[in-house]
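Which chain is which? They are A, B, C and D, in the order written, and residues in each are numbered from 1.
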Amino acid sequence: AGKTVGFSQIGSESGWRAAETTVTKQQAEERGVTLKFADAQQKQENQIKALRGFIAQGVDAIFLAPVVATGWDSVLEEAQDAEIPVILLDRKVDADPSLYMTAVTSDTVYEGEVAGNWLKDKMAGKDCRIVELQGTTGSSPAIDRKKGFEKAIADASNLEIVRSQTGDFTRAQGKVVMESFLKAEGAENICALYAHNDDMAVGAIQAIKEAGAKPGEDILVVAIDAVPDMHLAIANGEANATVELTPNMAGPAFDILDAYWKDGTMPEKWVQTESKLYTQDDDNNAIYEMKKSLGY
Amino acid sequence: MMGGTLRRIAPQLIILGVVILLNFIVFPGFFSIEFQNGRLFGNIIDVLNRGAPVALLATGMTLVIATKGIDLSVGAVMAIAGAVAASVVTAGGGWFLALLAALAAGLACGSWNGILVAVFRVQPIVATLVLMVAGRGIGQLITEGKIMTFNDPGLIHLGAGTILGLPTPVYIWVIMGGLITYVVRRTALGMLIESIGINETSSRLAGINSRVLLVAVYLVTGFCAALAGVVVAADIKGADANNAGLWMELDAILAVVIGGNSLLGGRFSIIASLLGALIIQSVNSVILLSGMPPEFNLVIKALLIIVILFIQSPAVQHAIYLFRASTPPHAPNENGAKNNQTAKESLS
Amino acid sequence: MMKSPRLPLYMTMATFVLAYMLCIWEFPSMFSSRVVANLLTDNAFLGITAVGMTFVILTGGIDLSVGSVIAFTGVFLAVILRDTSIHPLVAFGMVLAITIAFGAAEGAIVHYLEMPAFIVTLAGMFLMRGLAYVLSTDSVPITHEFYDVLQSIYWKAPGGGRFRLIGGVMLLVFIGAMIVLHRTKFGKNVYALGGGVQTAQLMGVPIARTTILIYATSGGLAGLAGIVYSLYTSAGYSLSTVGVELDAIAAVVIGGTLLSGGTGFVAGTFFGILIMGLIQTYIVFDGTLSSWWTKIVIGVLLFTFIMLQKVLAWATTARRKPATEFAMRS
Amino acid sequence: MSTTPEPVLQATGVSKFFPGAIALDDVSLSLYPGEVHALLGENGAGKSTLIKCLTGAYKRDAGTILLDGKEIDPRDPQGSLALGIGTVYQEVNLLSNMTVAENLFLGWQPMRHGMINNREMVKRSKEVLSGFGLDIDPSQLLSSYSIAIQQVVAIARAVELAGKVLILDEPTASLDREEIDLLFSVVRKLTERGLAVVFITHFLDQVFEISDRATILRNGRIVGTRELANATQTEIVTMMLGRQLEEAKKERGKAVIGETILELKNYGRRGTIEPFDMILHKGEVIGLAGLLGSGRSETAGVIFGSTPADQGTATLNGEAIKIDSPRSSIHLGFGLCPEDRKTDGIVGDLSVRENIILSLQARRGWTRPISRAKAEKIAEDYVKKLDIRLASLDMPIRLLSGGNQQKALLARWLATEPDILILDEPTRGIDVGAHAEIIELIQTLREQGMALIVASSELEELITYSSRIVVLRDRRQVKELQGDEISIGAIVRSIAEEGGAQL
């Protein structure tokens, strides 16, 4: 009781990220932990500053949602020196595993694979020309989700990515880039869209509709994150599938901390969250209602 | 008068033509326009439509820059305006009310900037930096960090609708740009704005109310930014305060400069800035249509911009002028006016 | 009596001291060697960048490309050290040569093509970031033992603060810049350019050389900042340090340098950096701000500092007697 | 005098074209060591352009320049400085953001151990400036000194840098007699050392006082070069103007002085000007006289509201008024033509036409634009009336010659048809012909019932049109002269009088 945990969040660049923040704060409150929250506005240097600030304050533990995998060694060492356990949320880092307690993340490559496998099964050998909306160029989810998807469809010669451009993870860019895909390829020549996140997919769905095609039927839509608006789109038949990335990374992390504080139990080095696939077979309306209040 | 305007915007027109030609080269179907689904459908339409936010921002930014100022907060103001509009419609207000509220928010932001610059004499880039940082926070505060989705058809029409087959945003920026040009050129405002941009002390001593003018200019920019914010939000049926207008202030400034307006204030042309916005959008279009991997987006954009600016630079323009009019030999060259800045100081 | 040109500098210093005391009053643990050491270490790359930015702004220019140059430098170093067996020191030399040349090219364009610095360096910003992407979109870790050596150089002060090498590098850069600006002809030419290019030219200042040198300096210091950043994170990443140019500009301006050029001090920039660092430290110590409140509070604090400076300056000048000491002898 | 047969500087066939204007057409000039060579001509004749071509500030379009018999091609002022040509350009061209010492020594700072020796620099600045009778703190910012002091600093810098040739473009425009005397004694010392001095001015008295020869330019062409020892003023003026100057000097008007228009009581501003009383009548001219920095410009600024008064009362036509900004005073019918035309007057990139109608437009408000045709007409009127030389009304005013800029500014204020017109050094940089015209203009305006306040360092001019003269010292009014009391002697005496009769 009376513990203080510092949480260095990347920023608030997407609805999913906002939800992760909300859930983390809720979890802390439920458990009576004081949460020191620091928003880094997408900058690693700010996260390092935040971590150093937490160490200087002498918090009991640190949650870190790292903006990038590299570059954490020295600050993690300092935390270790100060005997403050660090738990990574949502993304992993490149540092020596002994420097942090554990990582609660999903497998982003695997997420892409799930999406790719769904499409492969769905097409069942039929030819399909795919357009891909990438995340922010250089960001690790974009790289991993592309890799995973490509891995899944590598053995399916009927599936081909014909265009791939970045939509910056945003709804607006998703729409703009999809518009250009539709013009450059022609709506009738695109069979599926794979978007690295749901926001871009939602934007792209509008572009498809404005082009006079039917998203979800003429052009299949598969994306990742499972944010409420995507469930709604699936429920409306405008999208086909999404892979969930849970915003609740903090719950397991707090469980681990509780166990550690109680009797010193050390956790596994990697706690993988589930990458659940949602399709039109699920009750997406119900899920939408449930998720709506989570701060997405 | 007409001829003067045409001569002024000739370089922009030529560059726009060249960039569009480039589009045609990478994608031969660039010029095809179809009518389907009640709307015109084609890449040219896209350029006009997608150019709307930057064109709107550039309209206001031109005036601010003419006064020797700059407004970095326009992107953040877009976020605020979108958030305000979205929250009004989701709370049950009609689209018109939402639009009014958003525009009012834009005007409020503009007056904040204007007062900082004109009354407290804070340097424009810093004064507007404050709102650039805080404004997006305010936008997110309104949406609580989510994408605030809405379904009001009236509001959506402003961003994604069409009138007579043409996307609504095209009308909005054309009318807005035209209106402001008209007001500024049919009244004395244009000259007075240019005057304070060139020499504020002299202007004040000549009886010009520079304070009010400065505030007014930032108000207009806030208004334009709010309009752009509403268009962008309406386009995706949601206010994304995190990303709406992110870094768009740079594109707006770029549009103004490509429009041949000096960042050091003074003479300005809104029409040229609007062409600048279209040039930028055409460059984006080349990048998207080329099908190159996204890693190369920025390099391509940078190189195209460098080429465009190179062609427009006073030195090269001058060389072209010399090349065409070979008499008298070294006509208007003076070592003195090396830098743009230098042109500001009198040489006698 | 205070001399008016230095007034903004003193104001910035006073503002920092005042603000730090207020912070300590609210969070006593902010008075620790850790916080001081962190201020220096965490802001080292920003400080070095801001020195270059001060030079550029003093001439009335601006350099928006620095953030991208830092990112490019990091990626370049990481890729070189990963793919070749070149020693880091050699790689440092190479990257400095590249960034200096890049800056010089920007300066040459600004001068010879008579294009505004804002736009030239904006294009430079796109270009350098783009080149970083082309080198690698992935973040590339740096694992050379020489990096470990450099990183292990620090002085652990009582109270746990670690004063690292890179903080020292920043201090050296500041001191060097002060000497250059105030004690060399080049430094005076920088101020002269800021006072008016035309006038400076008529007074015989070598405009072309100074302009090119200035942007080369800024580019080179951004390159050095990139090296420092790569030491700071042991990696190169093409998406890092986005928007650093605005932080640097803000620090320079908070430090009392006028964007219109000609007036300002490097020392002011140093305190500008500390003030910006203090704002962030304060927010982390507070720890209750949501993402959006963080932004709003940073904006408000920025605003407060600017206003505080204005008020202090105004109060001091209002009390100053009109300068009557000078008169014509006849 | 041309004691040495070899010219130190010889320019042959120099030409310079501007769009729409041929500023210099085949101009040649020889300078001999030890001579003071005056360069004369009307406003816009090309004098400043010629020296800029000599120093490389402008790229000349044709011509060769020999220094000590060797061809030189200065590409920029830096090059000519290195060759020993020191120059004072027409407007003060120093850096207001730097200290006086830094301005003096920019580019040739005293060094020690590879670093600038600031202490030495300040010390030597003091020495140099005291040679010009200036006892100021050189470590202060240049901008904290008046334009006249800045002018002296600029001269001092050029003198220090001149190894072979010194060029002075209207250096005396804002100087008083004392400073001019000091300048001339410095110039004489330099010529004794064998330097050649080029001297540009519109004051013919000064030309005859100091110069050995004069070259006259008209419309960018050489009219001729004269030994001044055997030339007369009339001859020179005729060469400049291409016609005879009518001696139309009117008697100082005992003109009808009308009713009181403006009354100031205990009017002043702390730290700027001591409180003073002033009554201004329609149809009269009050002259403000005093030494450099005595507060003439300050008085003008306080009355006009550009530096608003913080004490005292003002009554206009019997009604109490408050003047807190130029805007309010312009609406009340005031006008002020400022002294420093470069920073306070012209709006450089606007056209001449726009500059002329600027104040009128500001007063009408933005909603009532002056139509182009009307603006054209107003501007053309004044261009004709004041004989402003320009290629077109659409050219940016900064491209006009200094004197023509001054005339355009006068036009700006005349166009507003003010009731009270304040002129601060109205004839600064104006040529002989136009000078007479402007004096005449002031007389005419007065006769039409306008009230004027004129600040000028040219006492001779001041006493021709002033009905009263207020003498200032140390930013305080010390004496008022009226009617027959007015004479140059009386003014000089009251300026000099220690603690003289209080007003």
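The rule we apply is simple: a contact is a pair of C-beta atoms (placed from the backbone, for glycine too) under 8 Å apart; a residue touches a chain by one contact, two chains touch by 3 or more.
The structure displayed is predicted, hence computed values, not measured ones.
For the pair chain C and chain D, chains touching both partners: B.
Using the average of C-alpha coordinates as each chain's centre, A ends up farthest from chain D.
A straight line joining the Cα centres of chain A and chain D is 71 Å long. Centre-to-centre separation of chain B and chain C, using mean CA positions: 29 Å.
With each centre defined as the average position of its C-alpha atoms, the distance from chain A to chain B rounds to 34 Å.
For the pair chain B and chain D, the distance between mean C-alpha positions equals 43 Å. Annotation for chain C: residues touching 2 or more other chains are 133, 137, 196, 198-199, 201, 207, 290-292, 294-295. Counting partners per residue, chain A has 12, 18, 21, 137 as the residues that reach two or more other chains. Shared interface positions of chain B, i.e. residues touching 2 or more other chains, are given as 140, 144-145, 295, 297, 336, 344-345, 347. Per the contact rule defined earlier, chains pair up in contact as A-B, A-C, B-C, B-D, C-D. Only residues 17-19, 48, 52, 56-59, 61, 75-76, 90-91, 306, 325-327, 330-331, 336, 338, 342-350, 354, 358-359, 361-370, 397-402, 405, 412 of chain D touch chain B when the two sit together in their complex.
On the chain A side of its complex with chain B, the touching residues are 12-15, 17-18, 21, 134, 137, 163-166, 168, 170-173, 175-177, 179-180, 183-184, 199, 202-203, 206, 210-212, 229, 295-296.
Contact residues on chain A toward chain C in their complex (touch as defined above): 6, 9, 11-12, 18, 21, 35-39, 41-46, 48-50, 52-58, 68-74, 78, 81-82, 94, 136-140, 143.
Per the touch definition, chain B reaches chain C in the complex via residues 72, 120-123, 125-127, 129-141, 144-145, 250, 253-254, 257, 262-264, 295-303, 305-306, 309-310, 313-316, 336-342, 344-345, 347. Residue ranges of chain B in contact with chain D, taken from their complex: 186-189, 191-192, 194-195, 198-199, 201-209, 266-267, 328-336, 343-348.
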